[in-house]
Amino acid sequence: MTNIRTNVLIYTEDIHAHGDPSHRAAYPISLHDGIASAFPEDRYNVRAAEFGNIRESITPDTLAETDVLFWWGHDHHADVPDDISKLIITEVQKGMGFVGLHSAHLSKPLTGLLGSSGTLSWRMSDKERIWTTAPFHPISQGIPEYFDLNDEEVYAEPFDIPTPEDTVFIGWFGGGEVFRAGVTYRRGYGKVFYFQPGHESFPTFYNPTIQQILRNAADWAKPTLRRNGLHCPNVKPM
Amino acid sequence: MTNIRTNVLIYTEDIHAHGDPSHRAAYPISLHDGIASAFPEDRYNVRAAEFGNIRESITPDTLAETDVLFWWGHDHHADVPDDISKLIITEVQKGMGFVGLHSAHLSKPLTGLLGSSGTLSWRMSDKERIWTTAPFHPISQGIPEYFDLNDEEVYAEPFDIPTPEDTVFIGWFGGGEVFRAGVTYRRGYGKVFYFQPGHESFPTFYNPTIQQILRNAADWAKPTLRRNGLHCPNVKPM
Amino acid sequence: MTNIRTNVLIYTEDIHAHGDPSHRAAYPISLHDGIASAFPEDRYNVRAAEFGNIRESITPDTLAETDVLFWWGHDHHADVPDDISKLIITEVQKGMGFVGLHSAHLSKPLTGLLGSSGTLSWRMSDKERIWTTAPFHPISQGIPEYFDLNDEEVYAEPFDIPTPEDTVFIGWFGGGEVFRAGVTYRRGYGKVFYFQPGHESFPTFYNPTIQQILRNAADWAKPTLRRNGLHCPNVKPM
Amino acid sequence: MTNIRTNVLIYTEDIHAHGDPSHRAAYPISLHDGIASAFPEDRYNVRAAEFGNIRESITPDTLAETDVLFWWGHDHHADVPDDISKLIITEVQKGMGFVGLHSAHLSKPLTGLLGSSGTLSWRMSDKERIWTTAPFHPISQGIPEYFDLNDEEVYAEPFDIPTPEDTVFIGWFGGGEVFRAGVTYRRGYGKVFYFQPGHESFPTFYNPTIQQILRNAADWAKPTLRRNGLHCPNVKPM
């Protein structure tokens, strides 16, 4: 039954990489293709949004049909229109799931949902080992105690985020850094997950363990209940 | 010593009430005067900001000199410029305290800091009894187990907020409603407190217990540490 | 299929009420019967444990077969053997769900799981109105914005509990009290819910809305994953 | 003025190390001396408790005079009498601070306060780098972004603890492990801090940065308010 498939909308900035050989090597088709390949067609209905068509692809109608929005942005954070970021935040408050990937830590929708700055330290690049720190959490089901990525951009603490509801993953880097790599929040009726791996120069999103985490995140974040709107009703005396 | 006084900046919308007799009766001078009267001069340095002069009174310079910003807004939430709300949110992330009062539950700075919609139900008006649910918290020191307000606007659950770090107060209303009346958060280096009482038609801010809570909130929220900026430094391999 | 029924174990102190007419009026068969009647046989497999047979009914084997343990105790808190309380806490840490009902706020298993004293104020009795403060939570699905109980024992704040992961319900009492009536926690792999209504003198557990909450709590707290034991393995250098 | 010094009680198991050359090399006087040397006499009043004299040194009277209890135990966790662990937990609920050090993750008082099992993985030994993940927290004031310990016992995730109120430090180990090395909780009126470094074979407690953290923890955890007891008063109708 197609009508029980989870509706995933993936936002990327593929325009951003046209001149970058390392990106083309890691994602010969597109970054969207890398992320989308985590979601088999029989269980997920995947659509694409890009910075280049953001006004057409991120609308009240497309968001209303979206169970979980995955957001990968970097160069164009500041160019995302405020009204579109506000649309997304409102839809999360109504129930839509939101997954911020990698450099989305500074994106308007994620920082608007969390209320923190999202600052961190970074360098290029090193081996990362990702530890499962919440083995009881739906997002870590089927994920080993730890797994390795040969190359990832290094993100280091301190990471400016509100205290997470759950810290599902913590990253260890070969050069001596640590980072809270997977953290969860609730905002209104919506669930929010931030996940650190996914620099455009490395084929991280084709890694099977990463793909399992993306599927788990979609399954966890999809709404079971959705509000029609955000109202403050004037009620009667009882 | 004046230099150890806490710098409090109080934002109000006094313009909003010029035509409202109930407001003039409750606050003959101004709503600002009601809130400001909680802060004795020997311990606090109080300044005023109003919607009518928001561009002059809320600037990077005035915020940099502010320990705690109290925010009372209602009619002009949507008119507060986005860039000014962003300035405030950034300053909280750097360390400034923020206290949202009453109808500020829908204000741009508070909803931007919390990431939730701030929706609730409401009606006019009833007796409120406020219970101290976190007697261990700095904001409740000197506050009795409960205290009464003869008249307050009724705010009722469900209140759309992120899970509070501490729920310091819960309000009981004569008509049968409850409301999480005092809740705390941290965002970046800054502390955030939302406090429900304070409708413009009732002299709530002249109540001595309410004034003690405002002082406690200022003392709790003032920064011990402040960041110069919000940067993502590119660090060297170790 | 019987093998997918949720295994519910209900502990009560029915011995406690033999001399109390109000209890016999509210629960002519038994308090166990009141709680158990929330769980239809086709979806739940319900077993009973009582204080009088606690050594036989609460064992490593019975707990290993239990998805969710409901605990109603009052007069015999101190008489529950420490080793049995420890068994329960260990099983929750391994994944079993635990629901503390009413006077269980002072029980050994609940205070041992939460680490707080569970103290509160109380009096007999009044009308209670229960508000849903977390409408997004699985435990509140199908529950109205608020509902009334004509008579319940009054439990009042301050309630000494750790900051809840979610405050699902808040109670309003006719005499002016409020109480965090439904709160959730995680300990190890196990989920914990405390729910305030349920004094033995009132037929609260036969109330259909209360019964829906009990079913929701069982469905939420049943484990999806269970550890075999609680070990600190000595691992090898990597 | 001696009467404003913070009263610190340090529990150790010095008996445990009499046969161990590495312990004697790291702590020629005693483990107590290592921990105590963090606290200058002009600001702290330090007393000692040991497993060998636990019935005399941990009593209602000594705890009532204690602001913060530091707990270092390992071999004798199971031998600590249940009633003494209960005394400690009760005193924390009344307001006393508690700091669990290193192998205290499995101690009766800490697991009783947290309600989780405290399990983790471990091996001997490696370089540790400790990152400050909550630079805004009182416990991290004056502590650099990260600092190194040349040798520490390796503690690895998953660490079975309730979601911390703040994760102040995360440890990185040379062999590829991470660990939430400093975590905070509140129980009743009391503050709780667990801090991972401190194996008896390494002079960790003589490290000046570690000592600053111990002082910060004492200053943070000492009570501002203390309950006389843990009661459930029967209140009157209002």
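As written, the chain order gives the labels A, B, C and D, with residue 1 at the start of each chain.
In this section, a contact is a pair of C-beta atoms (placed from the backbone, for glycine too) under 8 Å apart; a residue touches a chain by one contact, two chains touch by 3 or more.
Not measured: the values here are computed from a predicted model.
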item	value
Which of C-D and B-D has more C-beta contact pairs	C-D
Centre distance in Å when subunit B and subunit D are each reduced to the mean of their C-alpha atoms	36
Distance from the mean Cα position of subunit D to that of subunit C, given in whole angstrom	32
Contacts with 2+ other chains: residues of subunit C	135, 156, 163, 165, 176-177, 186, 188
Chain contact topology (line, ring, star, complete or other)	complete
Subunit C-touching residues of subunit D, taken from the complex the two chains share	82, 89-90, 93, 106, 112-117, 119-123, 126, 154, 156, 160, 162-163, 165, 175-177, 185-188, 230-238
List of subunit B residues in touch with subunit C within their complex	129, 131-135, 145-146, 156-159, 163-167, 170-172, 176-178, 180
Residues of subunit B touching subunit D in the complex	95, 135-136, 138, 141, 165, 186, 188-189, 224-225
